[in-house]
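Pasting a structure here, questions to come.
By written order: A, B, C and D. Residues from 1 in each chain.
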Amino acid sequence: MIPVMPKDDCLEAFRKMLLIRRLEEACIDAAQEKRVPGHFHVYIGQEATGVGVISALDKGDFIYSTHRNHGHLIARGADPGMTLAEILGKSGGYAGGKAGTLHGCAPDLNFPLSSGIVASIIPIAAGTAYAMKQRKLPYVSAVLFGEGAMEEGAAYEALNIASLWKLPVLFICENNSAEVDRKPGGGQYHAPNNSIIEITDLARVMGMTTVIIDGLDLDAVWTGARDARARAIRGEGPTFIEVRTDTWPGGQWPTLVTGRTDIRHAWTNEVPSQYAKNAKWFTRNDPVLSVARKLLMLGIAGKEELQKIDISVSHQMAGAVEFANQSPYPPAEDAYAHVWPT
Amino acid sequence: MIPVMPKDDCLEAFRKMLLIRRLEEACIDAAQEKRVPGHFHVYIGQEATGVGVISALDKGDFIYSTHRNHGHLIARGADPGMTLAEILGKSGGYAGGKAGTLHGCAPDLNFPLSSGIVASIIPIAAGTAYAMKQRKLPYVSAVLFGEGAMEEGAAYEALNIASLWKLPVLFICENNSAEVDRKPGGGQYHAPNNSIIEITDLARVMGMTTVIIDGLDLDAVWTGARDARARAIRGEGPTFIEVRTDTWPGGQWPTLVTGRTDIRHAWTNEVPSQYAKNAKWFTRNDPVLSVARKLLMLGIAGKEELQKIDISVSHQMAGAVEFANQSPYPPAEDAYAHVWPT
Amino acid sequence: MAETMFGVTKIKAVGDLMRRDENVVIIGGANFGGLLHSQYIKPLFDEFDDRILRTPSAELGFCGLAVGAAIAGLYPIVTIGTGSFAFEAWPQIVNEAPNITYMSGGKVKVPVMFHALVGIRISGAAQHSARPQAMLMQAAGLQIIAPSRASDVGPLLQAARESERPTFWIDHALLFEETGGVEPGPIPALGKAAIVRRGKDVTLVGYSIDLVRCLKAAAKLEKAGIDAEVIDLRTLCPLDSDTICESVGKTGRLVIADECYPAASVASEIASIFTDKGWGLLKKPVKRLNFPAVPVPLSPPLELHLIPTVDKIVAAAKQLMN
Amino acid sequence: MAETMFGVTKIKAVGDLMRRDENVVIIGGANFGGLLHSQYIKPLFDEFDDRILRTPSAELGFCGLAVGAAIAGLYPIVTIGTGSFAFEAWPQIVNEAPNITYMSGGKVKVPVMFHALVGIRISGAAQHSARPQAMLMQAAGLQIIAPSRASDVGPLLQAARESERPTFWIDHALLFEETGGVEPGPIPALGKAAIVRRGKDVTLVGYSIDLVRCLKAAAKLEKAGIDAEVIDLRTLCPLDSDTICESVGKTGRLVIADECYPAASVASEIASIFTDKGWGLLKKPVKRLNFPAVPVPLSPPLELHLIPTVDKIVAAAKQLMN
């Protein structure tokens, strides 16, 4: 299952997935202490998608995200301390506290923006792809968004233009309601509200290459993104990738209903008794545990190595939390800065 | 070719098609005298669509249109004098001169509105269908729009909702760029700008019944609309009907580049020498001549009867022109009336 | 007490409209409160389950549907959600709904109510904090109501419904938990502001959450010996310049609290009255408290610094008294 | 003469921007004029064929594309077409483009120019006559330019481009055929109004087509012995209140011509200056000439009755002189 990615890349990807998990756990800790301004959306359960896609990209490529961007930032190599500081509205954040969780960015990493408006980021990402094409640069634009975005006309218009002009863009639709009954019309978050039951059908009738990938399969995601990128660079236009993940049981509100991830569960296959009703999460749905198991199975890493990674990641995250907590709020006058570019 | 529609309905439909033609000719006359405020869009070449669809509807059904609404109004039975008066901005028009050509309406005929904003009418029509369903009325809502509307997200969103909730609505897409090279990306009016080359594919992947009909085939249009209506009433949801018509050579700007229609060309098969370069229009593309030929061929009407209809229609239109011309402009104070309902 | 929350009264008012007429329906992708208030809203949605068109995230589409439903006999209350999402539906809200009656020479009515939780909801950051109301005042043919007090919400909804005008209900996320008298007043004439506190020294004008702030400021000012008159605009279109002029004619001093950005805002409009109709009534320059022309920052101290708070209203009024 | 038409100068100015920098591109579904003016625009589109992204009728999509292209090194000039179509793209124009620089703590620039032919174009009826400019003034972080004179269009475009700010170019359908001095002036500081006619009796403020009307009114007033000063706002955001105050400080009288609807309009904003910064400068009430709060009717006499015409400006100024 992890045959294509080089070994080092696998381990690095796993490290990032774990770092995302630890970041989100830290977010939830902070939220429980009422230190997170506003509401936020965690990436737990989708780590293999963000990390798989973004690991397959080049430094020169652009990345765009939505309200659910924490994981994408970390996957891109953003500093977890600055990421968390931004979420907390601190001056040490990437945008000095002005963006917060909804608008996570790391401009130096070609991650200019997350839009909190559902689907609104999709045309923007397509526009960056047009810039790449027009400026004859060998880079692509990748945008990650939820299946809910496919309900908005903005997505339709942008997909159409991108397909017409064969823009070098990767549309990554993170379908995190894949386990919900696919009968349309639920009318809720995390429920399919699209009469196009196979989400990729729209892109398909628009003439795009489409791919459907299991969101636990890091290698397939990585491969899918890598191939899509190659097609885009060759001038073959956009690819629409649907990555299906089962919804994290705690996704609706920031409480750790499956607890803090214990990496040892990957091999003990334990389900802590207080989480028995979410047993499936432990045995099947958790991408972090799932990838850990595959690394073990394929002999890419041993238990000790995984635990070493966990220790290093947890240590890194502790430093990040410290940084974010220590970082001061910006002074009030800062409110007036950066309305206009300088 | 006209086997399904009852004979009387055929003749009545033909009469309406001819009336539309005469109305548009009158519009162009008025425009050449600079008496039409603003620019307008004629329905010449699409008469079989509007008349076919609207003849299949019930009085209780609702009809919605776009910038290209003159023909739809007449097909619904609107008074040609009031229609023309409205186009000229006269007080005798359906909206007392406030709507003009872009917003043609005949509210008493359940034709509340035409929107001049491409695609904007589609959600509105779907909403009326929701009202029919919610109020348990045995009526449908029908909306006629161009293939250009399918480029707008508004169309996508409305189609999706209509399909999800099985609303009793008929989506009639009048594709008048069917003869244009269907390679996408032309970027012009009357050129396909949609990466979905088969327009019906979108509705199809949304789970709707879809139909493609030749816009010269009055009977097929009528039958298609009738069947779609029956499905909608049975609770089977919307139908998406694409009617393909070749573009009228003079459609881009109001000049009669194929001249004033001479109904006798249906049997003389003459192409007046000054219009030689548009020969195809006379021999194939003109729905009025085409339907006339079919009526003759099937023995539904003879030449004399057709000429009698023409005389009666032309007479009616002359009265309409007289009415519209005589109708005064509204007094200035009228500008303030009807901002709010009374 | 939950019973006296503005939000609870509001939900009841919506329910009353629906109970009175089976053609009143709810269309939309949201409800009438934030995530924290869904417990209060659920009973309403349960009661009227078959009169709710639950839609995808497709604001342009479902606001358009509401327009078409209104034309054909329903009275839709459209739950847009956060005020910023109204932008997605802008073509329907400002270029369809308000024009249709006029474009039909008065023959077609569009009785629809758009609802959104607008304003600085605290930590909504730049994209979830829009105040679209001043923009909406630029759409002739659109009525804008902004019930701010529990006693007013039912009567204003009823009046809007009876008017059969397309109406935008400017609601505010922070109003939900405000408490106060809930005894519904009489059904007001739309376009009539309310003097909610009589005073002689200075006029404070507000609406929605800013009205609440004005009332709190008036209480503080009273302790400082300043007798403020407080006006609740209630409707932004029509706007009641008469009542404002009458009050300022008495006090000669005006403070306006308005979360909108400064330029071409509700506050600009009110201030401008005194260059024309209200000419000569002011003794002092108008104090306008807007949110400065800065996108809304996430960081709490930055955001708080920019909001027209109670203290700023108090300070502005005191300055005018010197 | 065609050479001196505003429209011709405008097309040249766009071409100059494109010639100076190959990263300047055109994105959109329209061009810079109506159907009647395509002959003047075609050469530009021919010259830059490979720097034009011709798009479907998908304003929300292509305005969003322009934002993304601007972030990644292009300078897109977006041809939206009729001003009303800007509403289709509202979420991108008011809730994405203006927020991004701020949301990134100043790290991301969005150098994009949206262009639309706004305003009462004559017989456009209710849905094709929008004046979105006052609404746009409610979007903090969006610059709004409104070049009204041929001599200004090139310099203003260049200044906007150099500012790297997201900019909305308020153009007007009726400006195309206006003639006048075309010698381009110096590149102006953005946010600086121009006094285009000096006078001492009354200040006329306009922008876009209303500036043209003000100038014509001033000529008529001169014949009646009234010496009007005319101010061309040039930019609506930033808005130059200093220049307006200076002028009114001299004349004491102000007429504002503004095609927007009255409430929360450009004119409201300007008038409101005199309740604060410009306190005490007015000798007479402000005369605001807006398009009344009525959807735009098709019928020519109705429409004409509502427009702020030259004669109405003249009459307003005369009233102020009595």
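The rule is short, and it goes like this: a contact is a pair of C-beta atoms (placed from the backbone, for glycine too) under 8 Å apart; a residue touches a chain by one contact, two chains touch by 3 or more.
Keep in mind the model is a prediction, meaning the values are calculated, not measured.
S.K.: Under the document's definition of touching, what chains do chain A and chain D have as common neighbours?
M.R.: In this structure, the chains that contact chain D and also chain A are B, C.
S.K.: If every chain is reduced to the average of its C-alpha atoms, which one ends up farthest from chain B?
M.R.: Ranked by distance of C-alpha centres from chain B, the top chain is A.
S.K.: Nearest whole angstrom, what separates the Cα centre of chain A from the Cα centre of chain B?
M.R.: Averaging C-alpha atoms per chain gives centres 48 Å apart.
S.K.: Roughly how far is chain A from chain C, going centre to centre by Cα mean, in whole Å?
M.R.: Measuring from centre to centre gives 37 Å for this pair.
S.K.: For chain C versus chain D, what separation do you get between their C-alpha means, in angstrom?
M.R.: 30
S.K.: For chain A, write out the residues touching at least two other chains, lowest number first.
M.R.: 96, 98-99, 103, 115, 117, 151-154, 156-157, 160, 164-165, 185, 193-194, 339
S.K.: Can you list every residue of chain C that touches 2 or more other chains, as numbers and ranges?
M.R.: 55-56, 58, 60-61, 84, 88, 91, 95-96, 99, 102-103, 125-127, 140-141, 292-295, 297
S.K.: Going by the contact rule set out above, which residues of chain C touch chain A in the complex?
M.R.: Its residues touching chain A are 29, 35, 54-58, 60-61, 84-85, 88, 122-128, 292-295, 297-303, 305-306.
S.K.: Enumerate the contact residues on chain A facing chain B in the complex.
M.R.: Of all residues in chain A, those touching chain B are 151-157, 159-160, 163-165, 184-185, 193-198, 201-202, 204-208.
S.K.: Could you list, by residue number, the parts of chain B that touch chain C in their complex?
M.R.: 62, 64, 93-96, 98-99, 103, 105, 107-108, 112-113, 115, 117, 120, 122-132, 134-135, 141, 153-154, 156-158, 160-161, 164-165, 337-342
S.K.: Please give the residue numbers of chain B that touch chain D in the complex, ascending.
M.R.: By the definition above, chain B touches chain D via 37-39, 89-91, 96-103, 115-119, 148-149, 151-154, 185-188, 193-194, 253, 329-332, 334-336, 339.
S.K.: Note which residues of chain D are touching chain C in the complex, please.
M.R.: Checking each residue of chain D against chain C gives 84, 87-88, 90-91, 94-96, 98-99, 102-103, 125-127, 130-132, 134-135, 137-141, 237, 239, 260-261, 263-269, 271-272, 274-276, 279, 282, 285-288, 292-295, 297.
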